[in-house]
Each structure stands twice: as structure tokens, then as C-alpha cells.
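Order as written gives the chain letters A, B, C and D; numbering starts at 1 within each chain.
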Amino acid sequence: MVESIPLETAKEVADAAEQRAEEIDNPMVITVANSEGNLIINRRMDGAWLASVDISRNKAYTSAALDMPTEDLAEPTKPGESLYGLQNTNDNNMVIFGGGYPLMENGDVVGAIGVSGGAVEQDMDVASSGVDRFDEL
Amino acid sequence: MVESIPLETAKEVADAAEQRAEEIDNPMVITVANSEGNLIINRRMDGAWLASVDISRNKAYTSAALDMPTEDLAEPTKPGESLYGLQNTNDNNMVIFGGGYPLMENGDVVGAIGVSGGAVEQDMDVASSGVDRFDEL
Amino acid sequence: MVESIPLETAKEVADAAEQRAEEIDNPMVITVANSEGNLIINRRMDGAWLASVDISRNKAYTSAALDMPTEDLAEPTKPGESLYGLQNTNDNNMVIFGGGYPLMENGDVVGAIGVSGGAVEQDMDVASSGVDRFDEL
Amino acid sequence: MVESIPLETAKEVADAAEQRAEEIDNPMVITVANSEGNLIINRRMDGAWLASVDISRNKAYTSAALDMPTEDLAEPTKPGESLYGLQNTNDNNMVIFGGGYPLMENGDVVGAIGVSGGAVEQDMDVASSGVDRFDEL
């Protein structure tokens, strides 16, 4: 079954991520997608990189499409590893570095968050704030 | 000079459109873009059509890219009219029916709003609420 | 044989078109391509539509790719006419309204000019100024 | 706020790059884009590689989209490094080797230059001449 999360919940998740981005003083693009990788909400903070609009959206897509954090794809997509080439599938919409996380409810993936705009660790930090908020709701 | 609008302003514009969509009881996808057609905010209301994610985004793109409401493109792009074929340009990102409007400041286009999810008249109604809110700010 | 025109010549052609655009007070995007439809020069005048970057380039491409003015494609690509559907070929890079012209030398197409930014008649007017300049050189 | 630079300024920047390309006797494709990565000017010098039309444009896009020189992307996008896979984002329009630079005004990115046509060091040399000219204006 296709699961999703309500827009109001997605807004709260995005708000939490946006607040964390402000705390670390790094403008981000934040996307929340449903379990089929399609958009629920997308925000580009003032001054965030243009490139991050695509990357944020596709981190959410990738996490929803594979039910896993995007950081888990960095190793297995290296040349010689088992999933080398995955990054060229799905019309090149796969992102294989950190900043995308599934949103889970009772063990099911019901959506995903993708954040881009800083160093990968910062993207992961900000996206995690969104995940934490979702888990509290 | 290329212009844009702050995320906080874009949120208020999207809020006004979302409120109008609720009043007419028709879930919509709402996009606000900057003057170069790139995303600032994008929201899919619960139950809104999947197709409207693309259409909403591209209505905003089209309005920003041509400095005009998308409804103005319906007539001139008909077979036999002067802009027939415009709908196939710009990587098929042109939308030639109503629901996209430029956001103007001191006579300059500084962004655009695109709404999709209902009949074209409903899309235009909801998008106009966003424009009205922008003009008040 | 693939024919082309030197960059210096293309600049003079673009200058003539730009000057005409200023005379009619309508900012344009101007492209000169070689006989294979590939770019020699491309300029976006201040305030010209974003959509015109793609359209100008593809008017030049279309004229070079078919050895004819783009205005000649409007009629035959209408539903029911012989070339209906041509606008969807070549990765949708075909433009079927006026503003693209081949540049001819001794009866051979050696390049093309594409102009976009106003009403079709204005685009044709400005592009023609470029063709006229080329023919004088 | 989204920033841009006037066409006349972009021409002077391109002129400086073109002059440097002539000095080192290596024909180049030169692009100047605005801060949202969209084209202002694009020139292919006589004899410059066809491949460089795309590469020059996308070096400018990449620099504008990430606010950084493209040469800074070579290391972090290697297999095993933090941004491995970035090269497949943004519809494959990312270029991860040198020759693209942001154009800065009062600490803000207002545009970008991308140069392609020689060895990477030559591309960087020629692009830098454009940056230097911009900084003098």
C-alpha cells in the first residue's frame, strides 16, 4: 500500500529542519516526499544553493524509493562494489550521499526527507532534526 | 536585474492560496518560484493530484519565464495562431492554460505562482488569492 | 560539407540584431548557429524573457536543421497537415513559429540566426536585421 | 536576493577571456551566466571543440548553482569522498573539473563564467582572465 503523511505533518517536519538550519546558520533546501517519492513539501531557504533544489528533492526520492538513508549508498556504489552504477539509474535521480532519510511509522516507510545546502554532515544533521520531529508526532 | 522574493513572503503567498483551496474544498498543489523560474516553495495538499505537482511547478516556471499569466497563452498557441508550438519549447516545461501568474513589485516580475488541482477556473481562483496576498505585503 | 561562419562574423550579425531590438525597444535573446545547428554565439539582452533563451537557440537549430525559415513550418505542422508532429521530433528542439532564418552563402546554408523575446513579428524583424547584415558582409 | 549582471558587463568579461584564449593560442567556448545559472552570453571561438559548448555552459551553471569554482569539486566527488555522486545530480549538468568560477560583487555571487576547450589548466587560466576583468569593472 502507498503510505503518505499529511501536509500539516510535513510542514512541522520541514519547520524543524528549517529551525536547525538557522541554528547552524546554513541555508538549506528541504523536501518531504511520500512513500512513492513524490513531493509533499519543498522549501528553498534564502541564499540556499540552486543545485540543492534538485539534490534535496532527489535525496527524498532516493530514500523513499529504496527505503533507506542515502548515506548507506555511498559505499556500495563505489567502483568495484556491488551497487556500482546505481547512481545512473532512475533517470539519474538517485543521490548517493547523506542527507536523505525515510520517515517510518510502525515499521513502515511512509515518506522521506531530503536536505541539501551544506557539507554532507550538515545536511544529515538538519535532515535528522526533521526525522526527530516526525518521530515525536 | 534578476529579482526574487524571500521564503517567508513565499510562505504567506502559499498560505493564502492554500486557505482559498480549502474554502472551495479542492486540494491543490501550490508553487512559488523566483523570477528565473526556480523553486522557492512547493506544497501538495492532501488528496491533490499527482499530475499537479509537475503542472503547478511548470505554471510558475512559465509565468516567470514569459512574464505573463499562463491563461494568456491558450489562444496564441492554438493551431494556426502565432505561437502555435510554444508548448513544445523549454523542454516541454511550458503550461499553456490558466493557473500561473507573475508576482510583480514596482513593475518588475520578481517571482511567480503556479496552482494546479482542479478545473482551470479553480486553479486561477486559488492562484489569484496568492497574488492578492503578495500585493498586500 | 559542414559549413560555418567565423565568430567575428557572428558577432556582427548579433550586433545588428541587438541594435534593431534596441530600436524597437524590445529586449531579445539572439543566437547564431553553424550549419549543423550548433552554437556560435548566444546573447540574452537585459530584461529578455528566460523562455527565450531556449526558444532563440532552437529557432537557430531548426533553421539550420531544415535549411528554411521557421515561419515556413507554422502551416504544415497544423493538425491534418503534412508535417503535423514535426514539432515533437529532434528531442522537442523544433520551433515552428517565426524568428529563425538560415544564413546563406553562394546558395549554401552556412549557419542560422534565431531570435526570441517579443511578438513573432518582432522576432522576425530583429532576426531579419541579422540576416541583412550577414548578406552585406 | 537573486542577482545578475548586465549584458554589456558580460561582453567585457567574455572579451577578456577570448583575448587570453588568443594569447595562449587555444580556441575556447566561453559562457557567462546569471546567479541562477541561466545564460547571459555564450561564444564558441573558431575551431573550439563542439563538446565544449555543453561543458562551458555547464561549468557556468555549476559555479552559479553551488557558489564555488568547479575545480573545488574534483576531490570531494571521487569514489569514497563525501560528495561522490554529485556529478549525477541536476540532470547531469554538473561539471566537476576546473574552468568555472563565480562572479562576486560585495561578497554575493551575481553570476558565473565557464570556459572549455583546452587542458583544464588552460580553461582555468582563460576563465580567470574573465574573472579578473569582472573584478576591475
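Rule of thumb we're sticking to: a residue touches a chain if its C-beta (ideal position, glycine included) is under 8 Å from a C-beta of that chain, and two chains touch if they have at least 3 such contacts.
Keep in mind the model is a prediction, meaning the values are calculated, not measured.
Undergrad: Tell me, which chains sit next to both subunit C and subunit D?
TA: Per touch definition, common to subunit C and subunit D: B.
Undergrad: Name whichever of B-D and B-C has more C-beta pairs touching across its two chains.
TA: Pair with more contacting C-beta pairs, B-C versus B-D: B-C.
Undergrad: Could you grab the centroid distance between subunit A and subunit C? Build each centroid from C-alpha atoms only and quote it in angstrom.
TA: About 42 Å separates the centre of subunit A from that of subunit C.
Undergrad: Taking each chain's centre as its mean C-alpha position, how far apart are subunit A and subunit B in Å?
TA: 25
Undergrad: Quick check: how many Å separate the C-alpha centres of subunit B and subunit C?
TA: 29
Undergrad: In angstrom, rounded to a whole number, how far apart do the mean CA points of subunit B and subunit D lie?
TA: Their C-alpha centroids are separated by 31 Å.
Undergrad: Of all residues in subunit D, which are in touch with two or more distinct other chains?
TA: In subunit D, the residues touching two or more other chains are 36, 38.
Undergrad: So with touch defined the way it is at the top, what topology do the chains form here? Options are line, ring, star, complete, other.
TA: other
Undergrad: Under the stated contact criterion, what part of subunit B meets subunit D in this complex?
TA: 1-4, 34-36, 38
Undergrad: Going by the contact rule at the top, pick out the subunit C residues touching subunit B in the complex.
TA: 49-51, 54-55, 58, 73-74, 77-79, 87-88, 92, 94-97, 119-121
Undergrad: Quick check on the complex: what are the subunit C residues that touch subunit D?
TA: Of all residues in subunit C, those touching subunit D are 4, 6-7, 11, 38-46, 50, 53.
Undergrad: Using the touch rule from the top, collect the residues of subunit D that touch subunit A in their complex.
TA: For this pair, the touching residues of subunit D are 36-37, 62, 64-67, 79-80, 82-86, 88-92, 94.
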